[in-house]
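Have a look at the structure below, then the notes.
Going in written order, the chains are labelled A, B, C, D and E, and every chain counts its residues from 1.
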Amino acid sequence: MSENFEPNVVAFLCNWCSYAGADLAGTSRIEYPSNLNVIRVMCSGRVNPMFVVNALQQGADGVLVSGCHPGDCHYMEGNFLARRRVALMRELLNFVGVDERRFNMSWVSASEGAKWRDVVKGVVDNLHEVGAFTEFPRKKIDW
Amino acid sequence: MKLNKDKLADFLAAIPGKTIFGPQLCGETLKFTAITKAGDLCLTANNTNVPPKSVVFPQTETMLRFEQWATDIKTAEPAGEIVLFGIKPCDARAMLIVDNVFSWGVEDPYYLTRRTNSTLVGLACLDPCVNCFCTSMGGGPTSTDGLDLLLTDLGNSYLLEVLTGKGEVLCQAAGKLLCEASGADKDAAKLLQEKAAVQIRRQIDPSGVQARLPALWESPVWEKISASCLGCGICTYLCPTCHCFDMQDETEGVESRRCRTWDSCMFSEYTLHASGHNPRPTRRERTRNRINHKFSYFVDKFKVIACVGCGRCINHCPVNIDILDILSKVGEDVL
Amino acid sequence: MSSKPKIGVYICHCGINIAKTVDVEELTKYAVKLPNVRVASDYSYMCSEPGQLMIREDIRKNGLNRVVVASCSPRMHELTFRKALVEAGLNPYYLEIANIREHCSWVHKDKQEATAKAKKLLQAAVAKVRFLEPLQEKEVDVGAAALVIGGGIAGIQASLDIANAGFKIYLVEKTPSIGGRMSQLDKTFPTLDCSACILTPKMVDAASHPNITLLTYSQVESITGYVGNFQVKVRKKARYVDFNKCTGCGLCAEECLLADRVKSEFNMGIGNRSAIYLPFPQAVPAKYSIDPHSCLFLTRGKCGKAPKCVEACPAGAVDFEQKDEIVEFKTGTVIVATGFDVFDAARKPEYGYSDYDNVLTGLEMERLISSSGPTGGKLVLGKGDGEYVPKEIAFIKCVGSRDKSTGNEYCSRVCCMYTAKLAHLVKDKLPEANVRIYYMDVRAFGKGFEEFYDRVRREGVRYIRGNPSEIFKRNGKLVIMVEDTLTGKPLEDEVDMVVLGVGLEPRRDAREVIDLLRLSQSSDRFFLEAHPKLAPVDTAIEGVYLAGCAQGPKDIPDTVAQAKGAASSALVLLSSGKVKVQAQISWVNEPNCRGCGYCVEICPYTAIELVLVNLMGHQVNVARVNGVLCKGCGACVAGCLSGSVQQKSFMDSQILPQIAALGGKL
Amino acid sequence: MPDFDKLRALAKETISRDDIKYLIGWRQGTYGYRTSPHFVRIPEDADQLIFSPLCSSNLATYLALAEKRPVPRGSQPDTRKVAILVKGCDSRAVVQQLVEQGIKREAVYVIGCPCEGVVDLRKLEEKYPHTLDRVGARWENGNVSLDLPSGNAVFPREEIVAGKCLTCRYPNPVIADVTLGENVEVSGSTAFEDINRFEVKSAQERWTFWRDKFNSCIRCYACRNVCPMCYCAECILDKQNPAWIQRSVNISENTAFQLARAFHLAGRCIECGECERVCPVEIPLSYLNRKLVKEVTEQFAFTPGVDPEAKPLLVGYRPNDKGDFIL
Amino acid sequence: MNTHPYIPNFATVQDTWYETYGDRCIKTFKVGFDDEEVRDSWTHLPGQCAMIGVLGTGESMISISCSPTEGKFLRFSVMRAGKVTKALHELEAGDKMTVRGPYGNNFPIDEWKGKNIITIGGGIGQAPLRPVIEYVRAKKSEYGELTVVYGARTSADLCFKGEFGELARIENTCYHLSVDVKEEGWPHYVGFVPALLMEVNPSPENTIAITCGPPIMINFVLQNLKKLNFPDDQIYTTLENRMKCGIGKCGRCNAGNLYVCKDGPVFSYATLKNVPEAFA
């Protein structure tokens, strides 16, 4: 794979914990790779696993869904619902040969700016290893 | 003329500047795809799962390309010359039938360019499938309708019957690869062909169908037939004469394309108005339209039945909706 | 009507906070070229008044109908900019913020990288804002009344607070008298106030308060509606005594054929009452009622020649014809203060609670030792001739708490202190008695607790660390088998009496309340609060609050504090008279709904229900969102198979363009 | 296996009831080994009913597929019951539809048919191609006996039944108002050996495998339409606004379509294998579904379509659900 | 100038206005072709349609609601319903749409010279009738009486409201409007269009009746026209069906053996009465 491959990650963050955690990373000036772009949703429970398939189709190399730690969900249980959905979609993607490192989930609380950095770094580093996804994205195929 | 089978590869290689499509096994599916070598071909099998209409009328075809906010519209590259090698006579006949649609009134440039640029090398159907009924629909396992060249498998060689100038071009390109066919070869071929015709066991007389259909418009037979229909697109997608398509704009970033894809009159969205009204609201109306379209409307317009008897819709229907069964019911109900 | 999106993009420098790392000028140039963007401007501080003015003027001047601000986090200034839109006459929800500070300029160093990322974030915001729809912020009126379920100290306190603020209260209590568990206690720890002395005035206050309608011996039958508009049905059970005629003189009880023959619930079965009774002398209301389960006339249809109580009552209040009565009313909020049950000690058979009379629970001990109790406060065991004064007394703590075998992993929080208090009371009454307490840990965490614990030990109460494994009888004495875990020595302790420090459990009838209000339970089976830290009195159901031990074990001060918290939460709604409804809520595209009810199950706020609608003459189920209950999490949207449920401002048709913008490489 | 007389007698009795609208069963097909769903509306229709190892169709699909024609003003909709013959797997579909409120219990009359397995027609056609004459089949001592034009042939179960039947754990209807014949022995397991074997392949191998399969997909939607669990008024995958999946047929859209289809069946698939059976281009779709069945079984100990009172899998959670993948 | 049947021409929106408001509002677009050659060579007759669209969204078949006698521009009145019409509604003056056509047949208006014409329209169904009215109006001396019958659910749902007043001032021309339910200040008929038709009571003699509107209305209008003794070949209507190509290829617009896009949209009742699917 090309030396200068830079993965493109789409992340879905819940408003109350993870988005706030990422904000904290900002206010704390914690530096991390710029390959990840955030879509804010109110709760990780809003994330339809089909978003992940769609993101990969649209050209993302990886996807991250991040929510509150268990028990911290602003809406009580949205992150638990998300966990089940994500678990199954990950297995399914993995089964058809989509490297499971392309689809990640994390718990990041509003106080975990540093953890947010670690998560982003981890996801991006992993994707450097996994490489670009050429056969699935719409634009890459004969279109 | 005759072509020894060991020369097949050379014969194909000698065809100048044309992309050769032939039946090829893709996974478990037999369909017409571009081949690079003779070995890719799968000529012994029965009808391809997907009919060769997919070559001249691809399931997805880019019609126009444009960029957002630009006023510059590009059409797709014109198709090059192609050869459909090993096409079954029924599928070739189907193309003749479909030509009617794409050339009446305004001509469809995409389809017709491909058709003009295509040479159809037929392979006589010596071992018809169980549900073939081409002989009832005006064709036959060795029909030459629409073909440029017909091959008959004699075991070690193919007997070549040149039917058009396009066929002649291929033979000339092959030059010495071909040899003259003997009388015995011709007799052998004739015998095989006759045997094949006899092998076709499913038959129906379609002559009265068109006349009978209008009276059956409100007949309960349609409800009965369609009760088990799943509303899937198998019968129409795999039909060599079905030609309906949908047009959609697809956008990727600033680039857009307008493309067409096969559509099916068995889908409920097919006729669904934006208002929510659907003139064919249930499978009953849709099934009725499919049969009427093939055996009545099309005949009205183009004087030919839009069915070649390839048997694919019968072979692949998951719930055994059998077009011959329907036709015989159409007969019964009026009689 | 759909108007063409005309987007204004405003890029904030945030001084140098953004501009230092993101090439703002290039970003502005880039923005203009994005689809439907009419104007793009940058400014040093978009959130400042001149910045906002710029947006407002552009909206007016250029007919903008969508605004994207690329600035700091939406968590910071979303409201600021929404206000700016409103001031310019635009719907506030036509706004999208691209977070290019916290998520970009502050976390990336390379200017080129940061600029590239800012472009993407901006592009995604523009892609989304194009599809945003105007939303209306609605308010619903809040009925100026509250329902309080449970007449214990929590319910009484909450009722009084709300009533004092001038709102109507319906206080519903299941038993014939308010007072609850606290009224059963003798003294309260650690101050040793007389429980009744501090509680009774509050009970009387509640009963006489003009704003409080006291519904004792009543049960809530159903609650429908939502915050601000709860419709409540209460069943007032027949007392068979005319409430208005009864003077509480008690002559009836004296004459009752079953006088002193029915076990008294109040006294935990240690003392007896009659079939027509007052639960305890200070009961409020001081009105008698007939226990239909024991009354001879009601159970057998016959009581001597004629029921004695009827004859005895000078006011002619006894009325066997009385029927249950249904009372209906509306309230704006509900406070659940249904309290607790004590752990059923029979579930620890090794302690012999069911077998031996001299094994008591803490609450029984409470009654036994209380001066208003069946023994008049004399600490005696046995009856008649067998009466004796115990000398060797043991307490065992953590019975039914912190104990996986009973399914109660939690600490009940009060047992440490109430055992200490009871031990003190024993020492007070029987200074010669030898008192020891078997414990695993002592948790004296509250104000004055540690001091009290210390005092009790100084009074001679022994604390032995050990978890008794068995209690059996030998030679008329109870033998406690235990290992002293500090010395590691096994002990066989012979005593006259054992008091089990039973823990607190959710009420056995908690399920009824759950069904009534669709509340959730936490893993300990107590009612679940909306947030364990930040919303400890709220529930998932807006307008429904928790007070007291219904939410988890607590002592009296904590209960009163929570009751006051619940009351103040309720008062916020009641006094404003309105409650703002979320705008970014879910809604259902009914023609496409498959009626499977997935969303109904998913919704933690029970905001969605299935309703029958007519579809071309057929009755079909479709989901319908109650816009007042919905909190806008969107979990139902992701769970809907047909895509029929959508969340406003977070619709699939709004998020997918964002994904496309971010997924596609520039 | 019930004899046809008993089946037809029961069907006649059932259809004669006032509260039954129609009965769905199977009949002999128009040729070869084919069978077809059969709608019994009058007692005479029952004479064509059969139940044999060739009756693959999961008729529960038709409960959900029933088209609702407008009820003329002034008249009442026909709310009589639909009687339906179900095999074990089909009955799970009925239960799952009950769970998802697609049908009401009082709207169906379930006739259970304990099932030893159904024949995989592809296996049979390989052995005896070009069979036009109608072929009868029945179970005989655990073997499938076929009346072929060339004479009777007997095949051991393992050799001829569909893959789903070899792993079937519910050969006996889990719900039935009346049952035809005796219950059969349960032999399937939840070992998921096939899935496990595939999982150990490399990601590249797995992708290549599925890419080739998905490339063949012509998006005829037979897999979806035949599925007894797929009955949305408008499939989310057909929607154009927003378009989750574009109409064009290529590896990207096909993969996305199949992933979505499989995911939508997570915790709902009752393993009737119909999607795979009907696929005209032979994509091993039930393999994809079985992967999720495996996860649902192993991670959440959940089995859809067995308990009408159960809550669906993806509407709830357990606090201790597996979360080891979470960063 | 392109001759490719699928490549649309660009046209610039010159003016837009709303005919009706609400969820399914109707917006009228006045457009002119960008390419001069296209503008000059374009001819259409009343009844014909065009495929109009927005690049990147798609195309929709819309009847041309102006008469060629009005000038070198086109008018389309579009109801907001699906994806494409929603995108069209976003267009404003100066924006571009794409136009292919003209498609379909037309009212044989030139054959009707010397005859009386009555148009019976309902709701958006007035759009294909408007060019007939305008055409006849422009050549009034060549035609007999012109009677316009038009109704909608409410007065707010009537299209081309401003244009009827003018009609009254033309010789041998009259118009009758109706709304379904009584409204304050409504000076015209209250009731359904078929009933209004009976009130107007036109004579079939030398008269062509054209009707267009919702299917249910057409059905009753046809019945009433028969009651008024209009012969089948003096009754015309237009059909609409879902279309994709507009040129008889894509297959979906057929009503029986008729392709609405090519054989229609204009049909005489003499033709349609034999097509059972026509009024589905």
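Odds and ends about this structure:
Keep in mind that, in the parts below, contacts are C-beta pairs under 8 Å (C-beta built on N, C-alpha and C of every residue); 3 or more make two chains touch, one makes a residue touch a chain.
Predicted model only: the values in this text are computed from it and were never measured.
Any chain touching chain D that also touches chain E appears here: B, C. When the C-beta pairs in contact are tallied for A-C and for B-C, the bigger tally goes to A-C. Taking the mean Cα position of each chain as its centre, C sits at the greatest distance from chain B.
Among the remaining chains, the Cα-based centre furthest from that of chain E is the centre of C.
The distance from the centre of chain C to the centre of chain E, each centre being the mean of the chain's C-alpha atoms, comes to 64 Å.
Chain A and chain D have Cα centroids lying 35 Å from one another. Averaged C-alpha coordinates put the centre of chain B at 31 Å from the centre of chain D.
Between chain C and chain D the centroid-to-centroid distance comes to 46 Å (mean Cα coordinates, whole Å). In chain E, the residues that touch at least two other chains are 83, 86.
Under the contact definition stated at the top, the residues of chain C that touch 2 or more other chains are 591, 602, 639, 652, 656, 664. In chain D, the residues that reach two or more other chains under the touch definition are 69, 234, 240-241, 244, 246, 248, 250, 314-316, 319. Within the complex formed with chain E, the chain B residues making contact are 63-64, 66, 68, 71, 73, 75, 101-102, 104-109, 214, 217-218, 243-249, 251, 256, 258, 260, 263, 265, 270-275, 277, 279-280, 285, 289, 292-293, 296-297, 300-301. Residue ranges of chain C in contact with chain D, taken from their complex: 523, 591-598, 601-602, 610, 615-621, 639, 641-643, 652-653, 656-657.
Here chain E touches chain C in the complex through residues 18, 21, 25, 80, 86, 89-92, 95, going by the rule given at the top.
Interface residues of chain D, counted against chain B in their complex, comprise 29-32, 34-39, 57, 61-62, 65, 67, 69, 129-132, 212-213, 215-216, 218-222, 224-226, 234, 238, 240, 246-250, 274, 277-278, 280-282. Contacts from chain A toward chain C in the complex involve residues 8, 10, 15, 19-20, 22-23, 25-27, 29-32, 34, 37-43, 45-49, 51, 54-60, 71, 74-78, 81-82, 85, 117, 137, 139.
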